[in-house]
Every structure is written in C-alpha cells, then in structure tokens.
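Going by the order they are written in, the chains are A, B, C, D, E and F; count residues from 1 in each one.
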C-alpha cells in the first residue's frame, strides 16, 4: 500500500516555458526507457519476488521512487507548456522564426488532447505500453534488465541536458542523473551477488543440458574479421572463446508436409 | 548485403507434431525477447556503429546468425503444426481429453490466418513490434541490453525445454541454449572492455555535472529494511553506498498556472 | 444494412488550404476520442443490445451519423492538404518562416503515404485502434462512456476552433459542436432513465455482496486535506460519505511460494 | 512523492491455486478498464490539475489507492498460479479433463515469460497501453471518464465474482466492489459540483458559437422508430429534444483537386 | 451520409451456440484482413478519390456493403455466445471434455469485457488497428490492395467453413464467399482498366528516372536455383527477365562520422 | 542460414546531411509498406512454402535482398543525420528559418533515443509491427500481397524522390525504384502462373460451395451511379457482372437472447 505527499522529491520548475523541450522530455516519461518503464518493471518484479528480502525491498524502494520521478517530470512538462502558442498568425510567424519553431516543434496533442499538460506518450506521441517492461521471475536476468533501464534512461537524460540552457530544467536533470547513477550501481551490486550464487550464465543450471560444444564459439557469418579479436580471450565463466571462420549449416534442408486440403494452401 | 543457404544452421525437426508446443515456441520467435528482437537489435546496432571494427563486426555476425535462428524456429513450428486438428467433433472430444487440449490449446490464428505455419507473434498472438528493440548509439548501454536479450531468451528456452519431452524439439533447444550462452559471454566481454574505456556508469562523462550528493544513496521509500543490507558496500565505481532511512521531499508543492481560456480547462 | 448518399451531412470546405490544420484535425478523426471511436462504439453497442428498442435505435442512429462525420472530416482534411509544400528550397524557407512552419508542421505521412488525403491516425500518426472503443453489454456503463466520448470530443473540437481563423473550417466545427451537444444530452437522458431502473451504481445488483463497510469511505492516502471536503455530503445513492484520515493496511505481507524449479526463477 | 508499506491494503489470498482464474484476473489489472488505467489516469489528472485543491486531492488520493489495488491483484494472481501444470503427459490429460482445462486455459506467457507471476497484460496477453487513459485538463470531462472507469471496472469484477467459488478470491473481489462503489459515488459528486459551476455540456462556454439549431435534434438515420421516444422530453440543460424523421444531407458533393503530379496519384 | 435499416443484408443465425466458433469468427471481423479492414480501406479510398466517378462509386458502394458485413458477423458471434459456460465445476469438466474445450477455447474477454457479445478484436484478442488499412491516393496500387484484402478474407472464410458443421453458420459463410468472389473480380477489373491507362508498374511514370539496368534482373541471393526458372520469360511490361547468379555488392563499406560528443555515443 | 558482406548492395551516401529527409526516409524502412515489411513477409512465406521450389526460392532470394535494402536505408539515414542541430539558440533560429525547419522537422527520437542513427519506426515514430506482414500459406493470395507491397513501396519511393534534390539520395532511390519494378514484375509473373493452376479466385476450390447467385452482382448501396459502368463487362473468370440497383436486406431483424444474469448486462 502507498501514501503520497504533495511535495515533489526534488525541484521541477523551469526558468521559462519551452514547449519544444516539454515535448522532448516526454521521452523520459512515456518512452521505451522512461520512468514509467522503471516504475512498472521494478514494482512488478518486487511484488513477484519470492526470494531474499533485500532484493525484494530494493526493487520496491526503487519502484516507489520512480513514481515520484514520473510526478516530477509531469510537473516540469506542465510548466514548460505554459503560454505555448495556440494559433499564431502568418504575420507573427513571418516575423519570428523562433516562434514558428515553437509552434511546429511542440506536440499538437499537448494542446488538443491534454490542455497543455503532460501525456503518457513519447515525444512522437507513441503511447507507453507494457511491452517495454520486464518481470521474468528470474532475478539475475531482471537485475541486468534494470541496469539497462537505468543506463539507457541516463543516456537519454544526458542528451536532453545538452538540448536546453534552462537552469531550472538542468537542475532537475542533474538530480535524475545522480539517481540513475545510484540505480545503475545498486542493481549492478545486486546482480553481482546473485551471479555469484547462481552463476554468470542465465539461467545457471542448464550447462549439463545444452550442446556444450557450441557454447564458446565465435561464429563468423560475415567477411568482417573483427570478431576474431575475441578469440582466445577468457570469458566470464572462465572458459576461452574459440573462433569458427566458416560455420557450416548443420541442419539440412527442411521439408514440411503440404497442409490439410481444407486450409486451401494451394501448394502442391 | 546478405546471402542465404537453404540448409538450416542446426536441426529443427520434432519427433512428432504438437500444436500446443508450436504455439509456445512462438515466444522464442515473435515474443518480446525472441529471436526477431535479437536479430533486429544487433543488426541495427551494427549498422549504426561508428566505433571499433571488432564491436561492429561482432554485432553483425550475431545479428546474421539470429536470422538463421528465426528460420529454424519457423521451420520447427511448421513441423509441429502438421496434422493439427481442424474441427474435431464433440464425440471425438468427449472420448479424448488430450485431443481437446490440443484443439483449444493451439493458436487459432495458426490455422485461420497462417495455414498451419509460423507467425511473427508471441503465443498470445501479440504481433512483434520494434518497441522491443534497442539501438541507442551508445555501445556500453547497448551491449548491456544485448546481454539481457540473451539472458531472458535463454531463460525462456530453458522453460520451454521442460514443457516438452520431444527429443527433436529438445535437440534444437539444446543448440539454442548453447548459442545463448556464447552470446551472453561475448557481449559481456565486449561490455567489460568498453566499461574499462568509458566507465561503468552510462554515460561516463556526466559525473561532474550530476548532483553528486545523491549518486550513492540508497533511499528507503518503504517500511521494508532490506535495502539497508547494501549500506557501506562498495559500488562498482569504488565509492560506498550510504543509506537514507527517511528521504525527505525536497521539491515543494508544484503550482502551475491555469491554462489559456481557449483550452477550456475549466479549472479556476 | 446501410445506404450511402454522396452528399455530405454538412459543409466541409475550408476557405483556403492549411496543412498544419489538416494534421490537427486528424485528432477528431483517428484520435482516442475521435469520430471513429464514436462510430465503432455506438454501432457495436447497438448491434449487441438485447434490451429496449429505443436505446438500441438511439445507438444505431447515432453510430450511423458518426460515419457521416468521419466522411466530413476526411473531406475537410483533403481540402486542407491541397497545394501543401512538397519540397521547398532552403532559399524559399529562409524567405518565408510561415512556409517553414507549414512544411515542418504538416504530417509527413500525409504526403508520403496518403498522397495528400486523410489518414485514420491521430496528429502524431498513431493508428486508430479498437482499444479506444467500449461495448460491454451493460447499458448504464456504456451510456456513461458515450457521454464521455461526446464530452472529450466536443472539448477537442472547441480547442481546434481556436486554432484556426478559417471560416470554412469553423463552420464545420460549429456544426460538430452542436451535434456533440445533442449527443451528450441524449446519452445523459438515456443514462438517467436506465439508472432509475437499474440503480446509480454499476452494476446495480451487487450491493448485498460487496463489503459494504468500505463503500462510502473517502480514504486519505496523502498529506492533502482536500478530500475531506466531501465528508458528510450525501452521495447519489442517498448515503453519506465518511472520511478515513489514516487508512490502515488490512492485508498482511504476502508470501507466495518459490516457483517450480523448472522455471529457473533462481529465487531461493 | 510516495512511500510504500509492505502490507497489502486488503486480503489477497485464494483458498487454492487456479491458473485459469489467474489468467482471467489479468483483466482487472492490465485490461482496458483495469486498475492500471485507474491509477495512471487519476495520478495524471491530479498532477495536471490547476484548480480547486479538493478535486486535485481527491484524484491523487484515489490514484494512490489504485497502486495498492494493482499490488493486491498482482499478488492474488501469483498465488493462483502456484503449482500450475507445466507439462502434463497425454496420459494425465486423458484421465483428467479438468487438468486439460487448466493446462490449456491458463496464459502460456504466465509460465514462459513471467515464471508464474502476474503480467501487465489483459487475459489475452494484450499489453496495457496508455491509450486507455485520459487526462484532458478539463475536470468535468475527466470526472465523467473516471465514473466510467469505475463503472466498467466494477462490472468486470462482478462478472469475475461469478466465475469462481473460491472464498479467498471472492473476499478480495467484495472489497474491490465496495471501493468501486465509493469511487463511482465520489467522482459523481465531484462531477455534479463541477457541472453546476461550468454547465452540463462540456465545455460550457461554446453555446454562443455552435450552430444551435442542431443542438437538440434527434436525427433519425434508420428505419427504427425507437429514438422518437425521446422527442419532447426535457434534456438536462432544460431544453426539449425535437425529432427529425428524415435528416437531409446539407453539404453537397465534395470535389477536391487532383494532387500534385509528383505524388503520382494517377487520378485524372 | 449514411442510412441504416435494421434488417441484415443476409441471414446470420447459427443452428446452435458454439463459443469456440464465436471466437474464431472474430478473425473475419477484427482481424488483419477482416471486414473492418475492408470497410475502412474502401471508404477512405472512396472519400479521397479525385478521379473517375466509377471507381469512386465502386469503392463507396463496396465500403458501405462491408459495414453490413461487420453487422452480420457481430450478430452471428452474439448468437454463438448464447449460453456459453461461465463457471463450470471441476466435476462437470471431468465428466465432459467437450465442455472443457468450450470453456477454455472461448475468448475470456467475450464474457468478462463484452457480456457475451462481439468485440472488435481478432481471435487472440488483438485490437483491430488502422495499420491494417491502405489508402494511398494511387488507384492502381489501392485496387491491387483491395484484391488482396478480398483474397485473404475469402481464404480465411474458406478455412472457417471447414471448422464448423453448423448449417446456419455455413449459410452465412457461403454468402460471404460469394460476395468476396464478386469483390475480387470487380477490383481486378478496375485494376486492369487502370493499368491500361497508367501502366502495369506502379507508379507508371518513373521508368525514365529509375536505374533501368536493374529493373528486370532476377538476383540470386541463395544457393537455391529455383528463381532461374523465370529467366528469359516475358514480364508483364513486355521485357524479358535476366538472371544474375552472383549479384555483387556494388556499394562499398559505409563509414559514417562519430556523432556529436553531446550525444555520448561513446564510439571512437 | 545467412552470410553477410560488409559492402552495401548499392551506394547509400547523400551529398550532404539533411535530417528532415532522414526522417522521411524512415517510411521506406519501418513504415507499413517499408523494406522490413518486405523482408519479413517474403522470408516467412518462403520458409513456410511447401510447394514448387521455384516459388520458395524466389521468395527467399527476394527476402534476402530486402535485408540489404534495410541496411542501405539505415546507412543513408545515419549519413543524413550527421551534424543535425541539437540545440540551436533563439538567436540562431530567428536568423535562419531553414535552420528552424531542420530543427523542428527532424524526428526528436533520432537524437534522444538513437544518437543520430536510424530507428525501426516510420517518420511519425510509429514502431514497425508484424501486423504489416502477411504469410497465409496460400501462394496466390500471398503473391498478390507481394505485388502490393512492391507497388505501395515504389509509390512512396517515387514521392520521396521529389522531396529531395540531393543527388546521392536520388541515386539510391533510383536503384530502389528499379528493384521494385523487378519485384513487381516477378511476383506478377508467379501470380499469373499460379492463377492458371489454381484459378483466379482465391481460393480456387470453393465455387461449388458458395452461394453462386451473389458472386457476380454489383450491388449499389449509394445514390452514385458509377458502379453501373461495370455492368455487362466480362469478369476475369469469364462470367459477366450484373447490376442490382436496389439490393434488399435479406436477413431479417436479429434478436439475440438477453445474457446470463451473472453478466449484469442490465438489458431486460
């Protein structure tokens, strides 16, 4: 169960409105690697965790924090959309190309659909969907996913940082950068502990089952020679990579039966 | 540019048809973490890589291999769908509950839409979409994503392994397990090399910009005490985690302006 | 069964082309609350209605009218896209920022995909999908949905009205505004009649089953005090709201079992 | 900002596992009208509200409660999936048709993708998406939407109630039924107050602009006579409905220009 | 503008309920090639047509008919869902495997979401979306698309025909088969006329611009020799196909610049 | 199985960067009718083909070529995005409206998400999805689909050709135009051969089953007279079209039963 305080976790107020930046920030909210993806993935993983309390708790703490990040970015976007141009005349546009940039660079649904408040979409209006999240039941795999979520998210925040000079926006982004550093580090730490326990290959208990002879082979399917650089190097499980210059097709030519006539496949 | 050989990379023939297993295998083909996701992510990353040839080549080699995995699984599914029941009578169903299981456990679109061949969907008929892929331009982040792709995929293959006794299906899955071991290991190796060069935090050059005081703090947003276990531990960047038992809201209560009257927000 | 007349229900011709407005009007066509949503929801509800003829007929009349609205807006958009710039030179753009606004503010798929005619998308190119519609079999719930459809749609049309000065566009919007007034009112009337018969809570026959002690309690999950304003007020079913300042967690800490080993959850 | 307690808001434990019911409950979690839709809609509306504190607070309180409902249902689904059959033999299926029903009636992705824990999908595996939510900036419209959300959700919970005999599941559903009664009533109350202030037609200030002569006319587009039943009745805005038996097409036959030759429309 | 008659275009009543068949028929309603795709594509093409009246009219006539087909199939599905099992006991399932097949073979959203009426989804619950439609402005291309729509749809109806013995269902399918024969033939006829006017290659006026030396070459990218069978044959434009056994890569190795440092691509 | 060469199939280098054109080219990559749709459709059809080797091989050759086209367009887009503006100042925008056009006309996700490399989306950021592909098992139907894919794709390339003056871009488009000519012609040829064998109506063996009296009737559902032009003409199957001026509703008024009370349909 959750409780809410009206105060934001951190400052989320720009120095001045900027509807184009408002649109771009939607990536950090409703994009593939945005805060909603973090929030829904970590909460789902936490709720379904049956293992060690410390991982469960770490997931739920971080998932709960991410709701606050969604809140901050939603707030920031609403501030950035204040006073955005609704219907500049041709005269005004001709006089001020930067107005034209604002007018056509903003998200038209911010005005038409949301009355100048944030959506749950990415900057191209793509609706956030649960296909962005992961909760597999396997903690090593999911901790790795969480590190990626924080890596891609921090990368995007870093790019957004250089797309504005607004000190208010930058202040919030600097906070998000720091939290995404922490989240990368904490999930890496959890990942490492779990790898120690369950093995570096996910999942850890199929080694005796897999066709082991193909498990450390760099197969070369191109005329590039770059992959050979890894030949002989020691993999994280202690074994060495070999290199196969010309991997052969081992499987024969498939030959399925024509389908039941009632399917009308019209194929022989 | 690509060339194709009609032979499969490895065996992909079951001992006998099984339309329920055919449906389940769609996860490894058109699911979030299936082979199409690998293929399209690695190829995209490879094509957009501007850096060291060895990473570009590793990505393109592996992406090219994944097309062959899509081919193998498509073939396997078509074999598994041979002779699937189209329209068993109530009499037949009453006599044989395992026939009923086949009939209602298979994907109805396998027959209606695809004439008993594979689709590009997951087992619930969800169409594969590019929102599953990642190609960010940042190699550390993307190598981490690739490790996750191979981890989640191998996890699913491991589960599928125990959902069948068919030796033909298992033979193919054992091969895929091994390749996904290799791919996990190779992308980890690349990731480590790149981390050494660019730092373990993605991206590596924002440390002086972020609000550093929040970058190593475990913030406790719950009444669980689990996260405290990480307090004092050394993070991968060499600094120690601190623990904040009661993180306060630092950001004040937001107060945006009412919107332009022409938006009819009807709010004050 | 349906018949079509080539004449439009109402005028749908702008005074002059305006590709940016053409893009914005797509919201009223293919957006979440656009005319296609109305048309497909009302027709589906009407076709599946088993109750009083008057509601069934009202739904089918209105659904049939909405097809004509889709037709009108499609026509209007095609007119607005006439003469849209395909490939202005840098010279031309430098001279005329309003041309630049038109060029970059229009939907690129209007030209590339649709040859300057309407799409079935929203202004951000999001394809209309049936997840926007509702047809539940319960008439009270669905009449409420229909009132919302007409409310959100009329709100958007009102906003679009202020985004253009074109008298032709405004003429059509004034007609749509009026029809959406009528549709709001008629669905409200039907809703009220049905509520009288079946109760104001949907569905009306579960009162003896639900845990009644939680059915009129304003639960406060925040440090805001605003919700308390409703305390003691009379709800539409005649009972009074109570206010719970500090709702407690009544459910205990969940503890599911670790999953079957064959799922490789790696969670203890 | 949010805080989390590990205790659930209410009991969420079944008497015994039932993977088919686990699948069906996904509708209340990740379906169009499920708890995620409530949670994300109310929070978004609350964060973007600029009006009276009491509505903002009501929205945020309820949105915060809905996160706890997502948590409860996720937990319940995980319990229901305990011991679900992974790979029953044909022999077992032949002996026990109810096992076959469990095996083919469960969601295959519950096992393959989620390791027998909840997803963020509906029972057909459709990923939740933000196109289900609404936050328009207009409070009357959005309060109406919220009443619909609670109506459709309570309808579905009522149906799910009769799809199980499990007393544990029913206990949780009885609680959700009650809360959805409260939420319907509170949002209706807010809606009524706001309608009093802003008018019953959304938005309230376009009456002088719309083509008023079409604003109270029941237009008959079918050979059904049912709609006539509303003729002469008083609409909620105090005016009377008129009935038009044979609405004429007022708009003429449209005639757009052939497109620019460079678009290759090949149409005269 | 449209008018509706309450009578169906043709019979749509089964001899007896069959919820599994009800689910399967959703393909013809809300699937990729279902009636909604026909209806929305033909109407959109018709509304945007600027050319010869006869094509415009043919499109609008057929689009209008397809609404009636959506109506018929919706009606049929509702009939098929009558008396579908909501909650059979384990005892009942054990006694009757055909009941189990009905119970787990039906679409769970038919009961939970739609109260046993049709949805706008395919049999796997995938929501119909406008990405299935085509309206390009080019009549030759779109007439070809229409022929495909009718071909794939008739193929699916033919398959559905063999999935039931119900004479009522089959009667409706026989009618749809005939109409889809007509629609294939009429769109082929229109296509041929248009090809005569504009050329068989779409679009017809780029021959002088394309790199003509690659316009009639069968390029062999595999070790299969099958494509060679077309060598020397006369193509529809009168020229002969040539065969290139070993097409070479003509384009060099691409070398894009590293991106702006502010994008943090971390690639050399 | 596949092999890759680092060389491109053809030149894919622009004379100079142009981020707006880079965005527009995404249509040919990740749009409904883009190269990914070709690639995934032809490969799927080829892998599932059980018929004549020459069709299987033709499909796989062409599918393999399309991967190379995806590669070329991805490369071209990356070149076009070089040096795109990240954060021009208002001063710069005011001075140069063509800079404003570049800045607001480019895809914001090209910079934020992809670090100035290609995505797998269309120009509006819509993610490519497998609902665009077709693989039905019926070769006549699918060859027709393939002709459409090549027609719509070539149409779009022709439009894109006139949206740029860049000789490098145009060189690549001229190559694609030629290949799409070839692909149209080859699939038409295959289609014709198959039609000769299986009949021009898909599928060919249902003529005795369908209600033949409706199979050659132009039904007029509008006040347009255009369709009559086809009356008496000879259809491709040798029979003549008849014209029905006033098609009557043959199906009666449907009357389904009220649903089970436990579904709460509240409909009498």
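Convention: contacts are C-beta pairs under 8 Å (C-beta built on N, C-alpha and C of every residue); 3 or more make two chains touch, one makes a residue touch a chain.
This structure is a prediction, so every number in the text was calculated from the model and none was measured.
Q: Under the document's definition of touching, what chains do chain A and chain D have as common neighbours?
A: For chain A paired with chain D, the chains in contact with each are B, C, E, F, in label order.
Q: So, comparing C-alpha centroids, which chain is the farthest one from chain D?
A: Computed centres place F farthest from chain D.
Q: Of the chain pairs B-D and E-F, which one is connected by the greater count of C-beta contacts?
A: Result: the pair with more contacts is E-F.
Q: Same or different: at the chain A/chain E interface, is the fraction of residue numbers used by both copies above or below half?
A: Same, since most residue numbers here occur in both copies.
Q: So the centre of each chain is just the mean of its C-alpha atoms; given that, what is the distance between chain D and chain E in Å?
A: Going by mean C-alpha positions, chain D sits 29 Å from chain E.
Q: Could you give the separation in Å between the centres of chain D and chain F, each centre being the mean of its C-alpha atoms?
A: Centres of chain D and chain F (C-alpha means) sit 33 Å apart.
Q: Identify all positions of chain C at which a residue touches two or more other chains, and write them in rising order.
A: Those would be 1-9, 32, 47-48, 52, 60-61, 64-65, 75, 78, 86, 96-97, 100, 104-105, 111, 113, 115-117, 121, 124-127, 129, 131, 136-138, 140, 155, 158-159, 162, 203, 206, 221-222, 224, 249, 251, 254, 256-257, 259, 262-265.
Q: For the protein chains shown, what form does their contact graph take: line, ring, star, complete or other?
A: Here the contact pattern is complete, since every chain touches every other one.
Q: Can you check the complex and tell me which residues of chain E touch chain D?
A: That would be residues 1-6, 47-52, 86-87, 89-90, 93-97, 100, 103-105, 107-109, 111-113, 115, 121, 124-127, 137-140, 194, 197-198, 203-206 of chain E.
Q: Which residues of chain A touch chain D in the complex?
A: Those in contact with chain D are residues 1-9, 30, 36, 40, 43-44, 47-48, 60-61, 63-65, 67-68, 70-71, 74-75, 78, 113-121, 127-131, 133, 135-138.
Q: Using the touch definition up top, name the residues of chain D that touch chain F in the complex.
A: Residues 155, 158-159, 162, 262-264.
Q: Mind listing the chain E positions that touch chain B in their complex?
A: 20, 23-24, 27, 31-33, 96-98, 100-101, 104-105, 122-126, 156, 159-160, 162-165, 221-224, 249, 251, 254-259, 263-268
Q: Give the list of chain A residues in touch with chain B in this complex.
A: Of all residues in chain A, those touching chain B are 5-13, 32, 52-58, 60-61, 64-65, 68, 72, 75, 78-79, 82-83, 86, 111, 115-117, 126, 129, 131-132, 134, 136, 138, 140-141, 144-145, 147-148, 150-152, 154-155, 158, 161, 174-175, 177-179, 181-182, 184-186, 188-190, 192, 200-203, 206-207, 209-222, 224-227, 229-230, 233, 235-237, 241, 247, 249-254, 256-257, 259-260, 262-265.
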